[in-house]
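Chain lettering (A, B, C, D, E and F) follows the sequence in which the chains are written, and residue indices restart at 1 in each chain.
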Amino acid sequence: MPYVNIKVTGGSEAPTTEQKSALIQGVTELLQRVLNKNPETTVVVIDEIPMENWGIGGKAVIERRKQK
Amino acid sequence: MPYVNIKVTGGSEAPTTEQKSALIQGVTELLQRVLNKNPETTVVVIDEIPMENWGIGGKAVIERRKQK
Amino acid sequence: MPYVNIKVTGGSEAPTTEQKSALIQGVTELLQRVLNKNPETTVVVIDEIPMENWGIGGKAVIERRKQK
Amino acid sequence: MPYVNIKVTGGSEAPTTEQKSALIQGVTELLQRVLNKNPETTVVVIDEIPMENWGIGGKAVIERRKQK
Amino acid sequence: MPYVNIKVTGGSEAPTTEQKSALIQGVTELLQRVLNKNPETTVVVIDEIPMENWGIGGKAVIERRKQK
Amino acid sequence: MPYVNIKVTGGSEAPTTEQKSALIQGVTELLQRVLNKNPETTVVVIDEIPMENWGIGGKAVIERRKQK
(Lines give C-alpha, C1' and ligand atoms only; values in the text may rest on other atoms or scores of the structure.)
Protein backbone atom coordinates (compact mmCIF):
# COMPACT_ATOMS: atom_id res chain seq x y z
CA MET A 1 0.00 0.00 0.00
CA PRO A 2 2.92 2.42 -0.03
CA TYR A 3 2.79 5.55 -2.15
CA VAL A 4 6.00 6.88 -3.67
CA ASN A 5 6.45 10.17 -5.51
CA ILE A 6 9.66 10.72 -7.45
CA LYS A 7 10.44 14.20 -8.79
CA VAL A 8 13.23 14.60 -11.34
CA THR A 9 14.16 17.29 -13.83
CA GLY A 10 12.35 17.02 -17.17
CA GLY A 11 12.89 18.56 -20.59
CA SER A 12 16.24 17.55 -22.06
CA GLU A 13 16.98 15.63 -18.84
CA ALA A 14 13.68 13.73 -18.76
CA PRO A 15 13.93 9.97 -18.18
CA THR A 16 13.04 7.68 -21.07
CA THR A 17 10.08 5.29 -20.92
CA GLU A 18 12.50 2.47 -20.12
CA GLN A 19 14.11 4.46 -17.31
CA LYS A 20 10.71 5.28 -15.83
CA SER A 21 9.83 1.56 -15.86
CA ALA A 22 13.13 0.79 -14.13
CA LEU A 23 12.39 3.36 -11.41
CA ILE A 24 8.88 1.99 -10.86
CA GLN A 25 10.09 -1.61 -10.71
CA GLY A 26 13.13 -0.76 -8.57
CA VAL A 27 11.34 1.21 -5.89
CA THR A 28 8.51 -1.35 -5.71
CA GLU A 29 11.06 -4.14 -5.16
CA LEU A 30 12.88 -2.02 -2.55
CA LEU A 31 9.68 -1.63 -0.52
CA GLN A 32 8.99 -5.35 -0.78
CA ARG A 33 12.52 -6.28 0.26
CA VAL A 34 12.89 -3.81 3.14
CA LEU A 35 9.33 -3.63 4.48
CA ASN A 36 7.66 -6.69 2.97
CA LYS A 37 5.09 -4.44 1.26
CA ASN A 38 2.76 -6.01 -1.29
CA PRO A 39 3.86 -4.91 -4.80
CA GLU A 40 0.28 -5.19 -6.08
CA THR A 41 -0.81 -2.13 -4.06
CA THR A 42 2.42 -0.12 -4.22
CA VAL A 43 1.77 3.08 -6.19
CA VAL A 44 4.55 5.13 -7.81
CA VAL A 45 4.11 8.56 -9.42
CA ILE A 46 6.98 10.20 -11.34
CA ASP A 47 6.87 13.97 -11.86
CA GLU A 48 9.10 15.60 -14.47
CA ILE A 49 9.82 19.18 -13.40
CA PRO A 50 10.89 21.77 -16.00
CA MET A 51 14.43 22.97 -15.28
CA GLU A 52 13.29 26.57 -14.81
CA ASN A 53 10.79 25.41 -12.16
CA TRP A 54 13.36 23.59 -10.02
CA GLY A 55 15.66 25.54 -7.75
CA ILE A 56 18.62 24.63 -5.58
CA GLY A 57 21.13 26.94 -3.95
CA GLY A 58 18.77 29.85 -4.58
CA LYS A 59 18.92 29.48 -8.36
CA ALA A 60 16.88 27.71 -11.01
CA VAL A 61 18.56 24.56 -12.33
CA ILE A 62 18.44 25.96 -15.85
CA GLU A 63 20.71 28.83 -14.78
CA ARG A 64 23.07 26.51 -12.92
CA ARG A 65 23.43 24.28 -15.97
CA LYS A 66 24.37 27.35 -18.08
CA GLN A 67 27.10 28.35 -15.66
CA LYS A 68 28.89 25.05 -15.93
CA MET B 1 -9.34 25.79 4.69
CA PRO B 2 -8.76 22.19 3.64
CA TYR B 3 -6.40 21.41 0.78
CA VAL B 4 -7.15 18.43 -1.45
CA ASN B 5 -4.89 16.99 -4.14
CA ILE B 6 -6.36 14.46 -6.57
CA LYS B 7 -4.03 12.55 -8.88
CA VAL B 8 -5.52 10.61 -11.79
CA THR B 9 -4.12 9.18 -15.02
CA GLY B 10 -4.02 11.68 -17.89
CA GLY B 11 -3.56 11.37 -21.64
CA SER B 12 -6.33 9.32 -23.21
CA GLU B 13 -7.80 8.75 -19.71
CA ALA B 14 -7.74 12.42 -18.69
CA PRO B 15 -10.96 13.78 -17.16
CA THR B 16 -12.95 16.30 -19.18
CA THR B 17 -13.46 19.88 -18.00
CA GLU B 18 -16.96 18.89 -16.79
CA GLN B 19 -15.59 15.91 -14.86
CA LYS B 20 -12.94 18.10 -13.23
CA SER B 21 -15.64 20.54 -12.15
CA ALA B 22 -17.67 17.65 -10.72
CA LEU B 23 -14.65 16.45 -8.73
CA ILE B 24 -13.96 19.95 -7.36
CA GLN B 25 -17.60 20.49 -6.42
CA GLY B 26 -18.03 17.00 -4.99
CA VAL B 27 -15.00 16.97 -2.73
CA THR B 28 -15.71 20.50 -1.50
CA GLU B 29 -19.27 19.45 -0.56
CA LEU B 30 -17.94 16.30 1.12
CA LEU B 31 -15.65 18.36 3.37
CA GLN B 32 -18.51 20.71 4.20
CA ARG B 33 -20.89 17.85 4.99
CA VAL B 34 -18.49 15.70 7.04
CA LEU B 35 -16.33 18.34 8.74
CA ASN B 36 -18.33 21.55 8.32
CA LYS B 37 -15.44 23.13 6.42
CA ASN B 38 -16.04 26.48 4.72
CA PRO B 39 -16.26 25.90 0.94
CA GLU B 40 -14.92 29.40 0.27
CA THR B 41 -11.45 28.44 1.51
CA THR B 42 -11.38 24.81 0.37
CA VAL B 43 -8.68 24.40 -2.27
CA VAL B 44 -8.61 21.48 -4.73
CA VAL B 45 -5.77 20.69 -7.14
CA ILE B 46 -6.13 17.96 -9.78
CA ASP B 47 -2.95 16.45 -11.28
CA GLU B 48 -3.13 14.45 -14.51
CA ILE B 49 -0.27 11.95 -14.56
CA PRO B 50 0.95 10.49 -17.88
CA MET B 51 0.32 6.74 -17.97
CA GLU B 52 4.02 5.95 -18.33
CA ASN B 53 4.75 7.97 -15.16
CA TRP B 54 2.27 6.08 -12.97
CA GLY B 55 3.17 2.67 -11.62
CA ILE B 56 1.29 0.01 -9.70
CA GLY B 57 2.27 -3.59 -9.08
CA GLY B 58 5.82 -2.72 -10.17
CA LYS B 59 4.78 -1.78 -13.71
CA ALA B 60 3.86 1.44 -15.48
CA VAL B 61 0.11 1.76 -16.11
CA ILE B 62 0.75 2.09 -19.84
CA GLU B 63 2.26 -1.43 -19.88
CA ARG B 64 -0.59 -2.84 -17.80
CA ARG B 65 -3.16 -1.40 -20.17
CA LYS B 66 -1.41 -3.07 -23.13
CA GLN B 67 -1.46 -6.46 -21.44
CA LYS B 68 -5.20 -6.45 -21.06
CA MET C 1 -5.88 3.92 -9.27
CA PRO C 2 -6.39 7.51 -8.18
CA TYR C 3 -4.43 8.94 -5.27
CA VAL C 4 -6.09 11.56 -3.07
CA ASN C 5 -4.43 13.59 -0.32
CA ILE C 6 -6.64 15.56 2.05
CA LYS C 7 -5.04 18.07 4.42
CA VAL C 8 -7.10 19.49 7.28
CA THR C 9 -6.28 21.22 10.54
CA GLY C 10 -5.52 18.87 13.43
CA GLY C 11 -5.28 19.29 17.17
CA SER C 12 -8.58 20.42 18.67
CA GLU C 13 -10.04 20.54 15.13
CA ALA C 14 -8.88 17.05 14.14
CA PRO C 15 -11.50 14.80 12.53
CA THR C 16 -12.70 11.80 14.51
CA THR C 17 -12.10 8.23 13.33
CA GLU C 18 -15.69 8.15 12.04
CA GLN C 19 -15.22 11.39 10.12
CA LYS C 20 -12.01 10.10 8.56
CA SER C 21 -13.83 6.96 7.42
CA ALA C 22 -16.59 9.14 5.94
CA LEU C 23 -14.01 11.18 4.00
CA ILE C 24 -12.29 8.05 2.68
CA GLN C 25 -15.57 6.45 1.65
CA GLY C 26 -16.98 9.68 0.20
CA VAL C 27 -14.05 10.62 -1.99
CA THR C 28 -13.65 7.02 -3.22
CA GLU C 29 -17.32 6.98 -4.26
CA LEU C 30 -16.95 10.39 -5.92
CA LEU C 31 -14.11 9.10 -8.09
CA GLN C 32 -16.12 6.02 -9.01
CA ARG C 33 -19.23 8.04 -9.85
CA VAL C 34 -17.51 10.82 -11.83
CA LEU C 35 -14.63 8.94 -13.49
CA ASN C 36 -15.61 5.28 -13.11
CA LYS C 37 -12.41 4.62 -11.13
CA ASN C 38 -12.03 1.24 -9.43
CA PRO C 39 -12.50 1.72 -5.65
CA GLU C 40 -10.20 -1.23 -4.94
CA THR C 41 -7.14 0.72 -6.10
CA THR C 42 -8.18 4.21 -4.97
CA VAL C 43 -5.80 5.40 -2.26
CA VAL C 44 -6.66 8.19 0.19
CA VAL C 45 -4.24 9.79 2.66
CA ILE C 46 -5.45 12.28 5.30
CA ASP C 47 -2.92 14.65 6.86
CA GLU C 48 -3.76 16.50 10.07
CA ILE C 49 -1.77 19.74 10.18
CA PRO C 50 -1.13 21.47 13.52
CA MET C 51 -2.84 24.89 13.58
CA GLU C 52 0.44 26.72 14.04
CA ASN C 53 1.81 25.03 10.91
CA TRP C 54 -1.06 26.12 8.63
CA GLY C 55 -1.17 29.64 7.30
CA ILE C 56 -3.71 31.62 5.32
CA GLY C 57 -3.83 35.36 4.74
CA GLY C 58 -0.21 35.57 5.91
CA LYS C 59 -1.02 34.34 9.41
CA ALA C 60 -1.00 31.00 11.18
CA VAL C 61 -4.49 29.58 11.71
CA ILE C 62 -3.87 29.44 15.45
CA GLU C 63 -3.48 33.24 15.54
CA ARG C 64 -6.56 33.77 13.36
CA ARG C 65 -8.65 31.59 15.67
CA LYS C 66 -7.56 33.70 18.66
CA GLN C 67 -8.56 36.94 17.00
CA LYS C 68 -12.15 35.82 16.48
CA MET D 1 18.02 20.91 3.46
CA PRO D 2 14.50 22.31 3.34
CA TYR D 3 12.15 21.36 0.52
CA VAL D 4 9.61 23.89 -0.71
CA ASN D 5 6.81 23.28 -3.18
CA ILE D 6 4.97 26.28 -4.62
CA LYS D 7 1.79 25.70 -6.62
CA VAL D 8 0.37 28.57 -8.69
CA THR D 9 -2.07 28.81 -11.56
CA GLY D 10 -0.50 28.32 -14.98
CA GLY D 11 -1.62 28.98 -18.55
CA SER D 12 -2.25 32.68 -19.12
CA GLU D 13 -1.40 33.31 -15.46
CA ALA D 14 1.86 31.35 -15.48
CA PRO D 15 4.87 33.11 -13.96
CA THR D 16 7.68 34.17 -16.30
CA THR D 17 11.18 32.70 -16.07
CA GLU D 18 12.28 35.84 -14.19
CA GLN D 19 9.40 35.54 -11.74
CA LYS D 20 10.22 31.88 -11.10
CA SER D 21 13.84 32.83 -10.37
CA ALA D 22 12.63 35.53 -7.98
CA LEU D 23 10.43 32.99 -6.13
CA ILE D 24 13.30 30.49 -5.87
CA GLN D 25 15.75 33.13 -4.64
CA GLY D 26 13.22 34.72 -2.28
CA VAL D 27 12.08 31.59 -0.52
CA THR D 28 15.66 30.30 -0.20
CA GLU D 29 16.70 33.59 1.45
CA LEU D 30 13.64 33.47 3.72
CA LEU D 31 14.64 30.03 5.01
CA GLN D 32 18.19 31.20 5.56
CA ARG D 33 17.10 34.37 7.39
CA VAL D 34 14.42 32.78 9.59
CA LEU D 35 15.88 29.31 10.23
CA ASN D 36 19.53 29.68 9.24
CA LYS D 37 19.11 26.93 6.63
CA ASN D 38 21.96 26.35 4.18
CA PRO D 39 20.91 27.72 0.75
CA GLU D 40 23.12 25.16 -1.01
CA THR D 41 20.80 22.31 -0.03
CA THR D 42 17.46 24.17 -0.14
CA VAL D 43 15.32 22.70 -2.90
CA VAL D 44 12.37 24.57 -4.47
CA VAL D 45 9.87 23.07 -6.92
CA ILE D 46 7.28 25.27 -8.67
CA ASP D 47 4.17 23.60 -10.11
CA GLU D 48 2.00 25.45 -12.62
CA ILE D 49 -1.56 24.15 -12.36
CA PRO D 50 -3.97 24.58 -15.29
CA MET D 51 -6.87 26.84 -14.30
CA GLU D 52 -9.45 24.13 -14.93
CA ASN D 53 -7.55 21.80 -12.54
CA TRP D 54 -7.55 24.25 -9.60
CA GLY D 55 -10.67 24.70 -7.52
CA ILE D 56 -11.65 27.05 -4.73
CA GLY D 57 -15.09 27.70 -3.31
CA GLY D 58 -16.31 24.53 -5.03
CA LYS D 59 -15.59 25.85 -8.53
CA ALA D 60 -12.70 25.63 -10.96
CA VAL D 61 -10.67 28.84 -11.16
CA ILE D 62 -11.35 29.06 -14.88
CA GLU D 63 -15.10 29.38 -14.18
CA ARG D 64 -14.51 31.94 -11.42
CA ARG D 65 -12.38 34.07 -13.74
CA LYS D 66 -15.21 34.07 -16.34
CA GLN D 67 -17.75 35.26 -13.80
CA LYS D 68 -15.75 38.34 -12.93
CA MET E 1 18.81 16.66 -7.35
CA PRO E 2 15.84 14.30 -7.28
CA TYR E 3 13.26 14.52 -4.53
CA VAL E 4 11.56 11.34 -3.35
CA ASN E 5 8.64 11.09 -0.95
CA ILE E 6 7.74 7.66 0.45
CA LYS E 7 4.48 7.25 2.37
CA VAL E 8 3.94 4.09 4.41
CA THR E 9 1.61 3.11 7.21
CA GLY E 10 2.86 4.04 10.68
CA GLY E 11 1.88 3.04 14.20
CA SER E 12 2.39 -0.68 14.78
CA GLU E 13 3.47 -1.01 11.12
CA ALA E 14 6.01 1.83 11.23
CA PRO E 15 9.45 1.06 9.81
CA THR E 16 12.37 0.88 12.23
CA THR E 17 15.28 3.32 12.08
CA GLU E 18 17.31 0.66 10.25
CA GLN E 19 14.54 0.10 7.71
CA LYS E 20 14.25 3.84 7.09
CA SER E 21 18.00 4.01 6.46
CA ALA E 22 17.71 1.09 4.04
CA LEU E 23 14.91 2.86 2.14
CA ILE E 24 16.90 6.11 1.94
CA GLN E 25 20.05 4.33 0.77
CA GLY E 26 18.18 2.05 -1.64
CA VAL E 27 16.20 4.72 -3.45
CA THR E 28 19.25 7.01 -3.67
CA GLU E 29 21.26 4.19 -5.28
CA LEU E 30 18.36 3.41 -7.64
CA LEU E 31 18.33 6.99 -8.92
CA GLN E 32 22.08 6.93 -9.37
CA ARG E 33 22.02 3.60 -11.22
CA VAL E 34 19.05 4.34 -13.49
CA LEU E 35 19.42 8.07 -14.11
CA ASN E 36 23.00 8.80 -13.02
CA LYS E 37 21.70 11.29 -10.43
CA ASN E 38 24.19 12.67 -7.91
CA PRO E 39 23.53 11.04 -4.51
CA GLU E 40 24.82 14.14 -2.71
CA THR E 41 21.77 16.17 -3.76
CA THR E 42 19.15 13.40 -3.73
CA VAL E 43 16.59 14.16 -1.02
CA VAL E 44 14.30 11.50 0.48
CA VAL E 45 11.40 12.17 2.87
CA ILE E 46 9.54 9.30 4.56
CA ASP E 47 6.03 9.96 5.90
CA GLU E 48 4.45 7.53 8.37
CA ILE E 49 0.68 7.71 8.02
CA PRO E 50 -1.57 6.56 10.89
CA MET E 51 -3.63 3.56 9.82
CA GLU E 52 -6.91 5.37 10.37
CA ASN E 53 -5.73 8.16 8.01
CA TRP E 54 -4.94 5.85 5.09
CA GLY E 55 -7.72 4.49 2.94
CA ILE E 56 -7.90 1.97 0.13
CA GLY E 57 -10.95 0.33 -1.36
CA GLY E 58 -13.11 2.99 0.32
CA LYS E 59 -12.11 1.92 3.83
CA ALA E 60 -9.47 2.99 6.34
CA VAL E 61 -6.59 0.52 6.60
CA ILE E 62 -7.27 0.10 10.30
CA GLU E 63 -10.73 -1.32 9.50
CA ARG E 64 -9.34 -3.58 6.78
CA ARG E 65 -6.74 -5.00 9.15
CA LYS E 66 -9.49 -5.83 11.67
CA GLN E 67 -11.52 -7.71 9.08
CA LYS E 68 -8.72 -10.11 8.28
CA MET F 1 -4.69 31.31 -4.44
CA PRO F 2 -1.19 29.84 -4.30
CA TYR F 3 -0.44 26.81 -2.16
CA VAL F 4 2.97 26.49 -0.55
CA ASN F 5 4.34 23.48 1.31
CA ILE F 6 7.54 23.90 3.34
CA LYS F 7 9.25 20.79 4.71
CA VAL F 8 11.98 21.23 7.33
CA THR F 9 13.61 18.93 9.86
CA GLY F 10 11.73 18.65 13.16
CA GLY F 11 12.60 17.33 16.59
CA SER F 12 15.47 19.28 18.14
CA GLU F 13 15.68 21.35 14.93
CA ALA F 14 11.97 22.18 14.76
CA PRO F 15 11.10 25.84 14.17
CA THR F 16 9.48 27.76 17.03
CA THR F 17 5.96 29.16 16.79
CA GLU F 18 7.45 32.58 16.03
CA GLN F 19 9.65 31.17 13.28
CA LYS F 20 6.67 29.38 11.71
CA SER F 21 4.73 32.65 11.71
CA ALA F 22 7.70 34.39 10.07
CA LEU F 23 7.83 31.73 7.34
CA ILE F 24 4.08 31.99 6.69
CA GLN F 25 4.18 35.79 6.56
CA GLY F 26 7.38 35.88 4.50
CA VAL F 27 6.33 33.48 1.78
CA THR F 28 2.87 35.08 1.52
CA GLU F 29 4.49 38.51 1.01
CA LEU F 30 6.91 37.03 -1.52
CA LEU F 31 4.04 35.71 -3.64
CA GLN F 32 2.27 39.06 -3.42
CA ARG F 33 5.38 41.02 -4.36
CA VAL F 34 6.55 38.76 -7.22
CA LEU F 35 3.24 37.55 -8.67
CA ASN F 36 0.68 39.95 -7.20
CA LYS F 37 -1.14 37.03 -5.55
CA ASN F 38 -3.89 37.83 -3.07
CA PRO F 39 -2.61 37.10 0.47
CA GLU F 40 -6.14 36.29 1.65
CA THR F 41 -6.21 33.08 -0.38
CA THR F 42 -2.55 32.10 -0.11
CA VAL F 43 -2.26 28.86 1.84
CA VAL F 44 0.96 27.72 3.54
CA VAL F 45 1.53 24.31 5.16
CA ILE F 46 4.70 23.58 7.15
CA ASP F 47 5.70 19.93 7.68
CA GLU F 48 8.25 19.03 10.36
CA ILE F 49 10.02 15.84 9.33
CA PRO F 50 11.75 13.68 11.97
CA MET F 51 15.51 13.58 11.34
CA GLU F 52 15.52 9.83 10.86
CA ASN F 53 12.85 10.19 8.13
CA TRP F 54 14.80 12.70 6.04
CA GLY F 55 17.65 11.52 3.84
CA ILE F 56 20.25 13.28 1.75
CA GLY F 57 23.38 11.84 0.19
CA GLY F 58 21.97 8.35 0.77
CA LYS F 59 21.92 8.74 4.55
CA ALA F 60 19.36 9.81 7.14
CA VAL F 61 20.00 13.31 8.49
CA ILE F 62 20.21 11.92 12.02
CA GLU F 63 23.26 9.84 11.02
CA ARG F 64 24.88 12.76 9.20
CA ARG F 65 24.47 14.97 12.27
CA LYS F 66 26.21 12.34 14.41
CA GLN F 67 29.19 12.15 12.07
CA LYS F 68 29.93 15.85 12.39
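The rule is short, and it goes like this: contacts are C-beta pairs under 8 Å (C-beta built on N, C-alpha and C of every residue); 3 or more make two chains touch, one makes a residue touch a chain.
To keep track of the chains, here are their UniProt names: A, B, C, D, E, F = Tautomerase.
Keep in mind the model is a prediction, meaning the values are calculated, not measured.
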For chain B (Tautomerase) and chain E (Tautomerase), the touch-path distance in steps comes out at 2
Label-sorted list of chains bordering both chain A (Tautomerase) and chain C (Tautomerase) is B, E
Most remote chain w.r.t. Chain C (Tautomerase), using mean C-alpha positions, is A
Turning chain A (Tautomerase) onto chain D (Tautomerase) by a C-alpha fit takes a rotation, in degrees to the nearest 5, of 120
Across the interface between the identical copies chain D (Tautomerase) and chain F (Tautomerase), with over half of residue numbers shared counting as same and under half as different, the residues used are same
Whole-Å distance, C-alpha centre of chain E (Tautomerase) to that of chain F (Tautomerase), is 20
Per the C-alpha means, the centres of chain B (Tautomerase) and chain C (Tautomerase) lie apart by a whole-Å value of 14
Dist(centroid_CA(chain B (Tautomerase)), centroid_CA(chain F (Tautomerase))) in Å evaluates to 25
Note: chain B (Tautomerase) residues in touch with at least two other chains are 1, 3, 7, 23, 41, 43, 45, 54, 56
Chains touch in the following pairs A-B, A-C, A-D, A-E, B-C, B-D, B-F, C-E, C-F, D-E, D-F, E-F
Seen from chain A (Tautomerase), its contact residues with chain E (Tautomerase) in the complex are 1-9, 15, 19, 22-23, 26-27, 30-31, 33-35, 37, 41, 54, 56, 61
Residue set of chain F (Tautomerase) touching chain E (Tautomerase) in the complex reads 7, 49, 52-60, 62-63
Listed in rising order, the residues of chain C (Tautomerase) that touch chain A (Tautomerase) in the complex are 1, 3, 41, 43, 45
Residue positions on chain B (Tautomerase) within touch of chain D (Tautomerase) in the complex are 17, 20-21, 23-25, 28-29, 39-48
